[in-house]
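Shared between the two complexes below is subunit A, which pairs with subunit B and subunit C, respectively.
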Partner chain A sequence: MDLSERGLTAGKLVDMKWKLGVAVCSDECKSLNSPFVAMTLKVADASGKISTHTFELTIPQFQNFSEQMKDMAARMEMI
Partner chain B sequence: MATNAKNISALLTGLAKRNYYNEPEFTDEFLKSQIFPDLSDEAYATLLKRCSNYMKNLVSADMDFNQLEAFLTSQMKRREAAMTEEEASAYRKFWKVHKNKIHDTLVSKTNWNNSLKKVSWRIDVKSQSKSAENINEPSAIVELQIENPEESQKTEVVQFEMDESRLAHVLQNMKDIEDQIVQYCQQ
Partner chain C sequence: MLLMFEDQHKEHLSFLTQVSPDVVKEFCRISMEFIRKGTNPKIFQGAAQKLNVDVDTVHHGVEGLMYLLTESSKLMLNEIDFQDSIMTLGFDEDTRQTLLEIYLQNRREIRTILSEMTMDLPHYHNLEWRFDVQLASRSLRRQTTPTVLFKLHTEDSGVKDTTILQTDPVNLLHLTKVLDEALQEMKSPYCRRIVRNIK
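Entry: the complex of A and B
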């Protein structure tokens, strides 16, 4: 079932934190040189209980996420 | 049995598959049986060690093609066990094909944190409510599928709702991140 078909009680996004880092090197690669975006989201459910969710994105993954948010905002404006 | 560019290339590809592309079926024994069936075990072991070490050098430094040429040239000038032109040609070919792929694999292998598997969203509009001010107020519903790399069966699903002002705040965060990426990263 995709999101449009499911009735759900979604929580509310109450906080978003981020950091931009670079993975410098690893045991297999002295020259990893790989930037990443780490994010932490706090979501409050209907009762006010807060859950925390973190994840890490490569730059292309972040850009895709960012594009989706922008698309969403553009659609909202049309309403 | 002579080593030439072709069989060295095949060995390098097999080693890459096992070491980097998560294809463990390409064992040393399998590779020997496929590529160097007539080579003595001792000679094969020496060759294997040589190729593995060279590959590790290339991968560890993520050599660009200038660095590769300099490296190959220096290896060909060695007094003992110098690299042959055939070998060099095999490494050039191998690196051209696999450099970026191996690097990307190593990058994703070193994210031990959760990754974002999927983003879905929809927009809801509240059409009726007790107090008239809420009519036609859109809200964005987002669903994130967050995957733990070590336990890929356990996907966490997070759903949340944002009104226009919360979404604007999120977009501002996105923009701040993008600005920092431009400033600090050569992309």
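Entry: the complex of A and C
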């Protein structure tokens, strides 16, 4: 077993799913028409218990998120 | 049906037999306030000083009264039963009249307060919905799938909780059909007979 897995970790990402949708209307607003990205992350903590976290991002938030991911990927390349 | 008092109760209430009906009225008012909002020991001090007795005696007197009122309201005693029950406590005629009046005035309110203390399951508080069209996902691009998202607010003994649920339009139609059928059951002759008998 890899030594890094036995040390202190903040949990491991097990699965990631996403979907892109458009919110057409709601009980408060008859014509919303706002696009969103919904993501589901499954995280396993040190004891193996899996917890699911689902959240939504608006398009600007998602663009911010993806830029940060690209940034991180670029840094990883350097290492 | 008669209320049975234990000796300790009779002892606590015996203090009230020695005071005037006005004092009894005052004590009843204090008991009702406590039933509504909870006990407040400072009031005992004031009353004890005015009447020149122990704080404990006042405390027991008020508690005995609260018990009398809540038990009678709980069992929904009618006038005759209430009067028969307090006959054994040794109050004089005026005091008994006062107690009866206070009981009849307040029993509905006490019953409402008591009913809020029963076992509660999470019950409906509010429902928000949103209609989405899913355009793409990690596994399938270029799709148009309609979905409905619900946020159900529930309340359980004062604690509020929210649950997020998702359904597609076909299931939603089925949901509304089933709920409609449940409502229609209320109009069936069987349910109508029961409701008439309750009222």
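Here is the rule we use: the second predicted complex is superposed on the first by the 69 of 79 C-alpha atoms of A that agree within 3 Å, B and C clash if a C-alpha of one lies under 4 Å from a C-alpha of the other, contacts with A are read in each partner's own complex, and residues count from 1 in each chain.
Keep in mind that, in the parts below, a residue touches a chain if its C-beta (ideal position, glycine included) is under 8 Å from a C-beta of that chain, and two chains touch if they have at least 3 such contacts.
What you see is a predicted model, and the numbers here were worked out from it, not measured in a lab.
Student: Overlay done on subunit A, so just call it for subunit B and subunit C: clash or fit.
Tutor: fit
Student: Could you tell me if A:Leu57 is touching subunit B, subunit C, both of them or neither one (first, second, both, neither)?
Tutor: first
Student: Who wins on subunit A residues touched, subunit B or subunit C?
Tutor: B
Student: A:Val24 contacts which: subunit B (first), subunit C (second), both, neither?
Tutor: In the superposed model, A:Val24 contacts subunit C only, not subunit B.
Student: Go through the superposed model and pick first if A:Leu41 touches only subunit B, second if only subunit C, both, or neither.
Tutor: After superposition on chain A, A:Leu41 lies in contact with subunit B alone.
Student: State whether A:Lys12 touches subunit B only (first), subunit C only (second), both chains, or neither.
Tutor: first
Student: Would you give the minimum C-alpha distance from subunit B to subunit C, in Å, for the three-chain superposition?
Tutor: Minimum C-alpha separation, subunit B to subunit C: 6 Å.
Student: Jot down the residues of subunit A that show up as touching in both complexes, subunit B in one and subunit C in the other.
Tutor: 16, 18, 20, 22-23, 26, 28, 32, 35-36, 54
Student: Could you list, by residue number, the parts of subunit A that touch subunit C in their complex?
Tutor: Touch residues, subunit A against subunit C: 16-28, 32, 35-36, 54.
Student: Which subunit C residues qualify as touching subunit A in the complex?
Tutor: Counting only subunit C, the residues touching subunit A are 127-139, 147, 164.
Student: Given the complex with subunit A, which residues does subunit B contribute to the contact?
Tutor: 59-62, 103, 106-111, 113-116, 119-123, 125, 136, 138, 140-144, 146, 156, 158-162, 164, 166-171, 173-174, 176-178, 180-181, 184-185, 187
Student: What residues of subunit A sit close enough to touch subunit B in their complex?
Tutor: 2-4, 8, 10-13, 16, 18, 20, 22-23, 26, 28-38, 41, 43, 51, 53-59, 61-66, 68-70, 72-73, 75-76, 79
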